[in-house]
Structure formats: C-alpha cells, structure tokens
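The two complexes that follow have subunit A in common; it is paired with subunit B in the first and with subunit C in the second.
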Partner chain A sequence: MRRIRKHLELYLMIAPALVYFALFSVYPLIQGFLTSFQEIGLLGNARWVGVENYRQVFTDFAFGQVVINTLWLGFGMVSLGVIVPLIIAVALHEVPFAPLRKLTQTITYTPHLFSWVVVGGIWIQLLSPDGGLVNELVKMAGGSPIHFLANTAWVRPIFILLATWKEMGYMAVIYYAAISSLDPTHFEAATVDGAGRWDKIRHITLPQLVPTTMIVLVLTIVSTLRMFDQVFILRNAATTRVVDVLMTYVYDLGMAQFELGQATAASFVVVVIGLALVTVLRRLMRIDAPSGA
Partner chain B sequence: MRARQRFTGTDWVITGAMLLLLAGTIIPLLNALALSFSSNLASVQPGIHLWPREWSLQGYAVAWRRLGLWRPFLNSLYVTSVGTLLHMFLGAMAAYTLLQKDFPARRLMVFLIFLTMSVPGEAIMVPLYIVVRSLGLLNTFTALIVSGLVSGFTILLLFNYFRTVPISLAEAARIDGAGDFAILTRVYLPTSTPGLAAVGLFEIVGRWNQFTAPLLYLTDHTKFTVQLALRSVVVVNDTISGMDVILPNTRMAAVVIGVSILIIVFPFIQKYFIQGIVLGATKE
Partner chain C sequence: MGAFGVKARYVIDEQGRRTIPYASDAAIPAYEWLNRLYREGILDPNFVTNSTSDFRNLFLADRVGMVTYWDAWVGLFNATRLNEDPGTEFRAVGIPGPSGPNGERILRRGDPSVWAIPANASNVEGAKKFLEFWHTEPGIILGSVGVKGHDYIINDDGRLELTPIGREHNLDHGVPRWYNTRVEPPFGYLPGVKEAEAYVNLYASLELSTADWPRAERIVNDYAFRAITGELSAAEAVRRIRDELLRARLIDY
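Moving on, here comes the complex of A and B:
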C-alpha cells in the first residue's frame, strides 16, 4: 500500500495512457477474437459457431479474389516502393547542385503529407477522360482518351504508380539519411585507389544500404496489408473486382453487410498473415545480413 | 563536401533525371493549383492547365460557401488542435513515468507499447467500431479525438528525448520539493522542445488527414471533418450525384482546402519532421 502512495503521482500520470490502451487496443483485440467465433444477429444476439466464420471466409470466392488483388498490388508497390526511392536517394547524393538537390527532396517529399482524398482528387482530375492533363497529352499524340480509373486493364498499374508517387520522396529521405551517415573515409580511400563513381556506388554505398533496405522492405510490406484509404477512395463499380484488397473486404463485410462475425474473422486472418510475414522476413534478414553490417 | 571538379556527362544525366523527377511531382500539384484559381469557364476548357488562363476565386467561393466546406474545415481545426494537445500531454506523462526505474507499472506500459505497435490498427477496425458504439461515442467529435489518442511511437520518441536530459536537473527540482508532475512540466518539457515539436507536427498532419475514423464513426453531415467531406466533392463516380455538376475549379479548390493546414505548417515540417522520421525509422 505504501508503494502505491509513494508513486501515486506516477500512477495518475500513466493512468490515461493505460486506460486508453486497455479500452481501445487490448479489449477490441480480445473481443474481436471472440466475435470471430460468433454469429451476431440483427438484434445483437450472439451465437457461438466455432470456426464457421473462418470457413466461410476461406471459401468465399470474393476473399480469394481480394487476396489475389492484394498480392498483385502489393508486389508492385513493394518492388517499386523499395527500389525507386533508393535510386532517387543515390542519384540525389550525386547531384552537384545543392539547391537542386534540396528542392527535389522537399518537393518529392510533399505528397507523403497529403491524405489519399487529396492525392486521389488531384490524380482523378489529371487522369480524367474529360479534359484531364494526361488524356489531353494522349489526344495530342493522336490517341483517344482513356478512362484510366475505370479501366480494369489500367487501374492496377495506376494504383501502383500513384502509391509510389505518394511515398517515394518520404522513403528517399530515409535512404538519403542512411547514405549521408556512411563513413567518408571509405570513399576517400576508394578514390585514391582510382575507383570511379559507379564503382563506389556499387561496392561501397549499396552494400552498406542493405540494412536500411531491409527496414524499408518490411515497412512497405506491412503497409500493403493495411492498405485501405487508397482503394476505398479510388475504387468504383467498374474496378472494384480487381482492386478490392483485404481491408476493404473487411470493411464491406463488417460495415456494409454487418456480418460482424465474418468480418472479425477476416480481420484476424489479416493479422495472422501480417505477423507471419514479419516473422519470416525478420528471420530471413538475420540469415542474409552479413555479420556486423 | 565534394571537391570542385569538372562536371562530367554523368552529372548532366543525373541532373536531367532529377529535373524530370521534379517535374513529375510538381506538374500534378501545379495543375491542381492552376485549376483551383481558374474561372468557371477557363477550368473546363481543353488543353494543359499549368497556370490559370483566367484568374478567379470562383472555385473557392463555391467550395467554401455553396458546398459548405467551411464547416468541415472548422470541425477539423477543432479535432486536430484538441486531439494533438491531448496526445502530446498524455504521451509526455507516460514517457516520464518510463524514466522512473523503480516504478512497477513501467513493465506493463512497455509491454502494451510493444503490443500496440505490432498489431495494425486496421485489423481491429470492426471491433473498435463496436467499442466506440457501446461507449455511446458514435457521431461525436470525442470519438475522433480519442482515436489515436495515445501512441507507442510518441511515447518512445519522447522517452528518448527525456533520457538525454541530465538527471541532476530532476534531482535538484525534487530537492526543492517538486512532485513528479511538476518535474515533468518544469524540467523535462522545456528542455525537450525539438522532440515535442516533432511529435506535435506529426500528430497535426496525421489528425488533419484522418479519414478512416471519421468514415466509420460519423454519420451526421454537419460533423464531417475535412477529408471525409472532401471525398464526395473530389471523387467523381460514374453516377453524378443529384445536384448540379461540380466544376474542376471547385474540385481543386476543395483539394487545396484539404491541404490548407499543411501549407501553413510546412516550413516547420522541413526542420523537425525529417529529423523525427530518421529517428523513428532507425528505431526499427
């Protein structure tokens, strides 16, 4: 009892955060897990159904389609999302004009600060078949306007491009910070040995960027599983079949169809996939990474 | 940093590539800005819009008044400022308690931070909705403020900042009779302004851009925040909603309203944000 009195102020200070975590993080997690084994009726009455919800999710054709979409979009976004910023950062490091470098960094970084409603709005206008800049260029080149965001052939690559456009500046900053912190003596020694620019990049810069690249890779993969805003905002009746992802599936199931049991089951499938992926990736990285790097 | 040398061919290629990159990012933004400041007639004319052909604030007038975006704007201001202040306040208090090595609840907090940072928020989207509903917080600003009220990331970042403050300052304050809360406010907060600024900016941007939470919890149009209200304006679906068609200049003006706070905050972002990211990323 005395110990509590001694730390009374501390307990009061930590209480709000603890209550928040308990109420809005731990409890929903547990409750969601329990709900995934129940079927909730319209009146809120719950009925235990065991793994029936999970079975329904796994045999749902739409779920399979959604997994494919997530993989498709995810693969594109992860590959571009890891490589493009790296190239940008390395190139930025080599740019001789400091003002150009700073300006490029700042400008490319900006879309990361926008919400997907804003980015979506900007690009919907640009890609519009009715006067959008991209289609105006297409018309000038002699083609006819393409309704990019309603065209099932174009929509996935466009989504990948937009996601890359939005985040490449941000990831480039992370890479650039890593490059800037590299030991300059390696580069100086290489210059003395007669190494050219590309040699230095290939043998000094890139190998030392492997840890950072791994971090970016994990971050990008995890964010792909959580993808919601972009798809929700930019999808429409024509493209929903090919761009709906795991989280929009959960949303539709839970919030539109009010199938709470199935929606929470699907959510936990996503959580498990996420945890599994991260564990596998972390293990792979520990084996691959050379000691001390 | 680099010794002065003759610019090689590769230098020009790289510079060219960077200019292309710059163009690829600026042109969409310029297009949106140009359209937003165009008159109704000019905004629907074909061709490339990188500069208003006819300057006008018609787009903004329609977006602000006729579409009523002034209300979501004010709602967002309210939620963002209250939410950010509370977020920082609660985070700072929690970070401070982590400093006290003999505090029993410390382990619990560390565990909770680790747990919440491992499980993505989207995964508990539906259960969280049920919790909010059962607390009677549906359709309230409180729900938006509470969403993301505490974050492990913030607590850890502030904890790392507080750790760099010399213990002697805290001890001196304690000898003067100050309690824990007073030590936090008089010793740690004033000396950690960069960390607080980084957290604050991060939070302001995050809250202003909040979309999923308002989407889930709000049904009353008058309570909509900016991003949610923006969605019906800028997202053009195949079916045009019953009202008259929304012109490009209005749509782009709405977009600019959607980033307005970020424009104001941007100069500060340059300074603190990038430091914060680097700190946060390397923490992984």
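Moving on, here comes the complex of A and C:
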C-alpha cells in the first residue's frame, strides 16, 4: 500500500488502460472460461456440464487434424517468415541507391496493409486454373493448369508462400531498423581489415541481429496460433481438411454449429498452448536474460 | 445427383438407421459424371473456389449457361438483366432436372424456415406480435417490395408503383419469394419464377438434417470435391466417405 501511495500518480495514469483491459480482456476471458464448462446453444438456458466440453474437444478427430494443420502451416510460415524478411532487409541494406531502396521497401510492405479479403480475392484470381496468370505461365511453359487452391498437395505450400509474401515486408522493416541501428564503426573496421561484403554480413550483421530474430520468431509463432483470416478466405470444401486451423475450428464450432460451450473450451486449449509455447520460447531464447548472459 | 436417384443429406429408414446417399455406391456414377464434365471443361474449373456471387455474376454475364440455385433467383436474374437492358435476349428459366433410374425427379427443397422464440426471452409477446405482423400484408410488402416512399409509392388509385431504387432492389428485401398465399403480389411475379416454383412444388422434397449433419457434411464435401476434380477416383472417394462416416458414427450403414 505504501508503494502504491508513493507512486499514486503513476498508478492513476495507467488506471484507464487497466480498466480497459479489465473490461475487454480479463472479464471476457473469465466469462469465456466459465462458458467452457457449460452447454450453451443459440436458444435456451445454459447447463453446467463440467469438463465434458473439453473431453469432446480432445476426443474429436477433427481437433487432432486441425492441430496437425496448424503445426504444418505454422512451421512453414515461421521458417520462411523469419528467413525471407531477414534476407530482404540485409539485401536492402546493401542497396546504395536510396530511392530504389525505399521503393523496394514500399512494394514489399504494401501487401501487409491489405486485409486477407482483398489479398485472398486477388490470389484466387491469379491462381485460377481458368485464365489465372500463374496457370497461363504454366501453360506457356508446356505444363497443364493446376488448381492450386483446390489441390490438397499444393494448398499448404501455397498458403505458406502467400502468408510469407504478405508479411515479409512488415518483418523486413523490423530487421532493417535493427540493421540501421548497428554500430557503423564495426563495418568500417572490417573494411579496413579487408573484409568483403559477404564477410561483413556473416560476421557482423547476422550475429548482431540475433535478439531481433528472437523477437520476430516469437511474433511469428504467436501469429500462427491466431491464424484465421487467410484460412477462412482461401479454404474451400476440397481443402478444408488440410488447412483448417485451430481458430477456424473454434469459429466453426461456435458460429456455424452454435456449440458455444465446446467452442470456448477449444479456444481455451489454444490459449493454454499459446501460453506454454511463449513460456518455453522465452526460457529457451533467454529473452529476459541481461545482455551478455 | 438426382439423375442417379441420390438424395442429399440424411435418409433414415424404418428401423431408424441413418445413411447418407452421397456416401453410397449409387453416388459413384454421379461423381464420375461430374468428373467428366470437369475434365472436359464443361464444369467451370473454378467451381471449387467460386462464391455464390461469383457464379451469379458469371451467369448474368453469359459466361456460364447453367447454375443450380433457388427458384426465386430465376426471377431475380431476369429482372436484373431486364433492368439493365429492357431489350435484352437474356432469359433464365427453371428446369425440372433429369429423371432418376425409377423415373422420379429429385430436387432439393432447401431448409425450411423455422421461427423460434426462446422460453427465456425477455419479450415473448413482442416476438409473437412481430411474427404475426411479418405474415400480414404489410409485413410481406415490407420484406418483399420494401419501404414505402423509398422503394415504392402509392398512387392516387391505390396501386403501388416502384421507384427507381425499388426496381433496382428487385422486390427482394430479405423475402425474394412471395410466400403469402392470401395476398396477391402487387407487381406479380418476376419473370420465370412461377414456372420454376411449379417444378419445385412438383418434384422437391425436404432434406433431413440431424445435429450431426455439419460434421458429416465436411467429410462428404471433402472427398466429393476431390472426386469431381479427379484427385481421387469416384469409387475411392465414396469408400473413404463411408468409412470415415462409419468410424465417426455419423451413419449406421
């Protein structure tokens, strides 16, 4: 209490934010947690069912499949989502002509600004087997059209590539900011010692980007758990089985089948997975450790 | 599917056992036929990714010659094109579908409308009053023709006249089908609707959905689409649908 009184004005300043989080994050979380132990439909009163909703989720074959899909897509998106922006940022840093660098940054960043409704619609047209640009190029090369978004062998790699394409500019900005803040004297010293461009990248730039890479990694992993828009827009009956993820599973249970109790139980499973993942990642990457530890 | 005598969704026999005809051997030739249409380019290659607005636009633009949709949309298609170009030769008509092996025709009736008032609703009487209003003449005029002064006006002789906005809305404000048999539609029926409705009344029957249908539907659609696109053979697709539905206890045979 003494500490609170001592810093009362600071606590008062953060009070609105705390109230906001309490009302719009904590309260719904608690309410959702309680709902996950009830049987609630569109109509009628709720009924307490204990852990039955969780049991149904864990014994649902579809839940197991969406976990596999989330891992599959997540692994691909995290891998490419960390490496590709890094390559772009490092390459951009090497471009001496500033207008070209800025233009490239703008072009790579722009897809991040659009919603998946727009991006999905564009790529559905581009990947169409009937007149889509990609398949026209395939035909020009002597191949047969491929329905990328309806073929279970292609759809996952396509999802991963599209997600990477959409977000690489945004993540590249984070990397580029980190690269720009590196001490230039290291590079100058390396130049004096006769290091080439690739040597500087390998021995100076990349090692010093490790903390930023960790942050990008955590952000990307958390965003794959919350993946919804892309899958919802681009999935169809032919590919639902291999691309449905945890959040679309929750949506289908809650919004399409009105199994609200089961849906909130599934969403809490996602929350627990996310918490566990972030905790493990923080420990492994020692994000909270002091620098040099 | 009707041409092969295969009904949509669930069928429950006299012993109460459930089956899904789309998962039976009778559906194999239907998937093979659809696959052939797909391979020969007669079935739109984009059918998997097309939304309902996509195929409506394709039909209105004469890019496709046939779509499977509600009977009410026969009138809406015609009205849309006539509004754009009164001299157009475009005509949408409903067709009864091919006969099945026993000479019967199977059309889908669609889900029936069910109005439900929760027992714990805060204003049950108000909800009942709304439902009663909705099935009166002013109610169906609101749902179909639209809002007075905005979609239509009433002339001095008491007859309704559509405004330009009302004509654009095609008598569809949530109620494209004039379901009230005691009130005559003030503007008649949109072109082609009565004939299409007659086929539905003659040949359509309700499909049976159980609480399990959403889960079963995903399994059926998954393999059915892959059979149509040729990713799986029709026989293999049906086998997998049936096996998975049985394993999940969504059908009994």
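Quick notes on this one:
FYI, the second predicted complex is superposed on the first by the 260 of 293 C-alpha atoms of A that agree within 3 Å, B and C clash if a C-alpha of one lies under 4 Å from a C-alpha of the other, contacts with A are read in each partner's own complex, and residues count from 1 in each chain.
To be clear about the criterion, contacts are C-beta pairs under 8 Å (C-beta built on N, C-alpha and C of every residue); 3 or more make two chains touch, one makes a residue touch a chain.
Just so you know, these numbers come straight off a predicted model, no measurement behind them.
Contacts of A:43 after superposition: subunit C is touched, whereas subunit B is not reached. By the touch criterion defined above, A:62 reaches subunit C but does not reach subunit B.
By the touch criterion defined above, A:124 reaches both subunit B and subunit C.
In the superposition on chain A, A:254 makes contact with subunit B only, not with subunit C.
Of the two partner chains placed by superposition, A:199 touches none, neither subunit B nor subunit C.
Contacts of A:241 after superposition: subunit C is touched, whereas subunit B is not reached. Once the two structures are overlaid, the count of subunit A residues touched is higher for B than for its counterpart among subunit B and subunit C.
When both complexes are overlaid on chain A, the residue A:152 reaches subunit C alone and has no touch with subunit B. Applying the stated contact rule after C-alpha superposition, one finds that A:188 touches neither subunit B nor subunit C. Touching of subunit A by both subunit B and subunit C, each in its own complex, is seen for residues 124, 128, 150, 236-238.
Across the interface of their complex, subunit C is touched by residues 43-45, 61-62, 124, 128-130, 145, 147, 149-152, 236-238, 240-241, 252, 256-257 of subunit A. The part of subunit A that touches subunit B in the complex is made up of residues 3, 7, 9-14, 16-18, 20-21, 23-29, 31-32, 35, 88, 91-92, 94-97, 100-101, 103-104, 106-111, 113-118, 120-126, 128, 131, 133, 136-137, 150, 165, 169-170, 173-174, 177, 197, 215, 218-219, 222, 225-226, 228-229, 232-234, 236-238, 247, 250-251, 254-255, 260, 263-264, 267-268, 270-271, 274-275. Residues of subunit C touching subunit A in their complex: 44-46, 48-49, 116, 118-120, 214-215, 218, 221-222, 224-226, 229, 231, 247-248. On the subunit B side of its complex with subunit A, the touching residues are 2, 7, 10-11, 14-15, 17-19, 21-22, 24-29, 31-32, 35, 44-49, 90-91, 93-94, 96-97, 100, 103-105, 108-109, 112, 115-116, 118-131, 146-147, 149-150, 155, 179-181, 184, 205, 208-212, 215-216, 227-228, 230-231, 233-238, 248, 251-252, 254-255, 258-259, 262, 266, 269-270, 274, 277-278, 281, 284.
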